[in-house]
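Each of the next two complexes has chain A plus one more chain, namely chain B in the first and chain C in the second.
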Partner chain A sequence: MRIEKCWFCSSAVYPGHGIQFVRNDAKIFRFCRSKCHKNFKMKRNPRKVKWTKAYRRLHGKDMTQDSTFEFERRRNRPERYDRNVTENTLKAIKTIDKVRSRRESKHIERRKKGKKGQQMREAVKELEQSISLVKAPAILREDPSLTLPKIMVKVSQAQESQRMEE
Partner chain B sequence: MGGKCPHRHVKKRRYSHKTARRTQFLLKGADMVYDALKKPDEERKPLPLDEDLPGMGQYYCLHCDRYFANVSVRDEHFKTKRHRKKVKEMLGPAPHTQLDADLASGMGMPDNGPKLS
Partner chain C sequence: MAAGLASKWSRVGRSLLGGLGNNLSNLLTTSHEMACNNSLSQQQRTFIQMRTVLKVVDNSGAKKVMCIQALKGKKGARLGDTIVASVKEAHPNGKVKKGKVVYGVVVRAAMQRGRCDGSEVKFDDNAVVLVDKQGQPIGTRVFGPVPHELRKKKHVKILTLAGHIA
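This part shows the complex of A and B:
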């Protein structure tokens, strides 16, 4: 028994579930549900559909590089049955799953942190630049106390000449 | 079932029912087109004569999987927005495959075992 992965959304396709499409060049496309099948028929690109795993991986929403991804693989060779190996594997699955879910939640936490800093920076920028939304520019010109003092920026001569060359 | 879709000015896209969209299903998938384009020019076979196709099947666009009646129509097609969009798409990364789907779901590369000599 094999638990396949959906072509579109990369979720697990258990036996007896979903639908399978075999193209006339013998390529197999498996879909976990009609939603994915319909999206395929509409010729949508899974990399551009936001709810798929492919999109989330590509855009850094999910963890991409991790050692726990090395365990689950498509093994295209027969394995001789061994009771001990099976038992150990079943035990390992649980621990590996725990480790992975913890790392994934950590990844999401880290991702959220970056957002906060970005929002802060945007807010500071808005405070600096968008005073005209609160006070009309004409009033600001009359009363300079409302705006931030102008900062002198030194521009070196070397930079200036370089720009001229370009 | 299926009726007329609003705001469809192109006749081909005007109806939502299956018979009207039949030609869309016959189009090659993006990955097939990509593979065909990757082939070097020497490997490409000359287009076979087919009297059922427009222009005896001699004027073909690889990107859009379409046959044209003559050279001028085909060259006109090369200038269209849809064709250029396809060309741009095919220049980018390879289309999504089952392997990509597997990797995205947290699987490693396939394990084929030791190489048999």
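This part shows the complex of A and C:
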């Protein structure tokens, strides 16, 4: 028994679940549920559908490179049964899973943090650049309290005077 | 100063316009995709019944056969069933001539068929391998993928001739 991966959403296809489509060149497309099968029939690209694993990997939402992924690999050579090895593998699965979930949560945390800072910076920049759309530049020059106070602290007196001269 | 202001203005304007344009194009593409999907919606695949034309995927000489009787099942034949067919198209000097009545095993069917574990399998097209009354294949080669369920139906010879087993 083998737990396959869904062609569309890359989730696990357990035995007895889903449908598989065999193309005439003998390529097998496995689907975990009718949702994925229907999306395939609609000729959707899994890289462009937001809920699939492929999209999330492509857009840096999920962790892509990690040593824990190395354990989950397709092996076509059957392993000779050994009770000890099986026992150790079963133990290892739990720890590996724990490590991976921790790393994934950390990855998501890091990703969210980076986005927040960037958004803030972008917002500040936009405000700085296009405040003239809301208030005329002449008024701004007269009443500097309308601009961001942060920027007011940053800008030194000498620069201010220079800009006025221009 | 004036020049700087003008450039800022133009940049803002462009970004605004660009945003609008993107939104518009997105809308257009989505609607177009929807239309495509509606027109491309696939037909309901059903049993292989009387007057179903099937491709012949061996080197017996026939190209296309038309089903005239399913030997099992009230509604028609499915993947792995045997049918009686009449040859509609044939190669000029093959074993099987046009107009002959032949037996065939359905090796590929577009209608899905349940597997022993509960999952389902379906193929690209409807294809048949011609056999004699004893169930021995007439040709010596089989093209394309065939399902492993043929073993259960005692068509081991077809399985050994086939290149890909799905």
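Quick notes on this one:
In the analysis below, the second predicted complex is superposed on the first by the 133 of 166 C-alpha atoms of A that agree within 3 Å, B and C clash if a C-alpha of one lies under 4 Å from a C-alpha of the other, contacts with A are read in each partner's own complex, and residues count from 1 in each chain.
We take it that a contact is a pair of C-beta atoms (placed from the backbone, for glycine too) under 8 Å apart; a residue touches a chain by one contact, two chains touch by 3 or more.
Note that the structure is predicted; figures quoted are calculated from it, not measured.
Within the superposed three-chain model, A:10 lies in touch with chain B and out of touch with chain C [touch as defined at top]. Contacts of A:96 after superposition on the shared chain: neither chain B nor chain C is touched. In the superposed model, A:69 lies in contact with chain B only, and not with chain C. When both complexes are overlaid on chain A, the residue A:46 reaches chain B alone and has no touch with chain C.
Counting residues of chain A touched by each partner, chain B versus chain C, the larger count belongs to B.
In the superposed pair of complexes, A:132 makes contact with chain C only, with no contact to chain B. By the touch criterion defined above, A:28 reaches both chain B and chain C. Comparing the two interfaces of chain A, the one with chain B and the one with chain C have residues 23, 28, 41, 43 in common. Looking at the complex, you find that chain C touches chain A at residues 1, 5, 8-9, 11-12, 37, 40, 42, 108, 112, 117-125, 144-145, 147, 163-164, 166. The residues of chain A lying in touch with chain B in their complex are 5-8, 10-12, 23, 25, 27-30, 41, 43, 45-47, 52-54, 56-57, 68-77, 100. Touching chain A in their complex are the following residues of chain B: 24-25, 29-32, 95-96, 98, 100-113. Residue ranges of chain A in contact with chain C, taken from their complex: 13, 15-24, 26, 28, 41-43, 129-130, 132-133, 137, 166.
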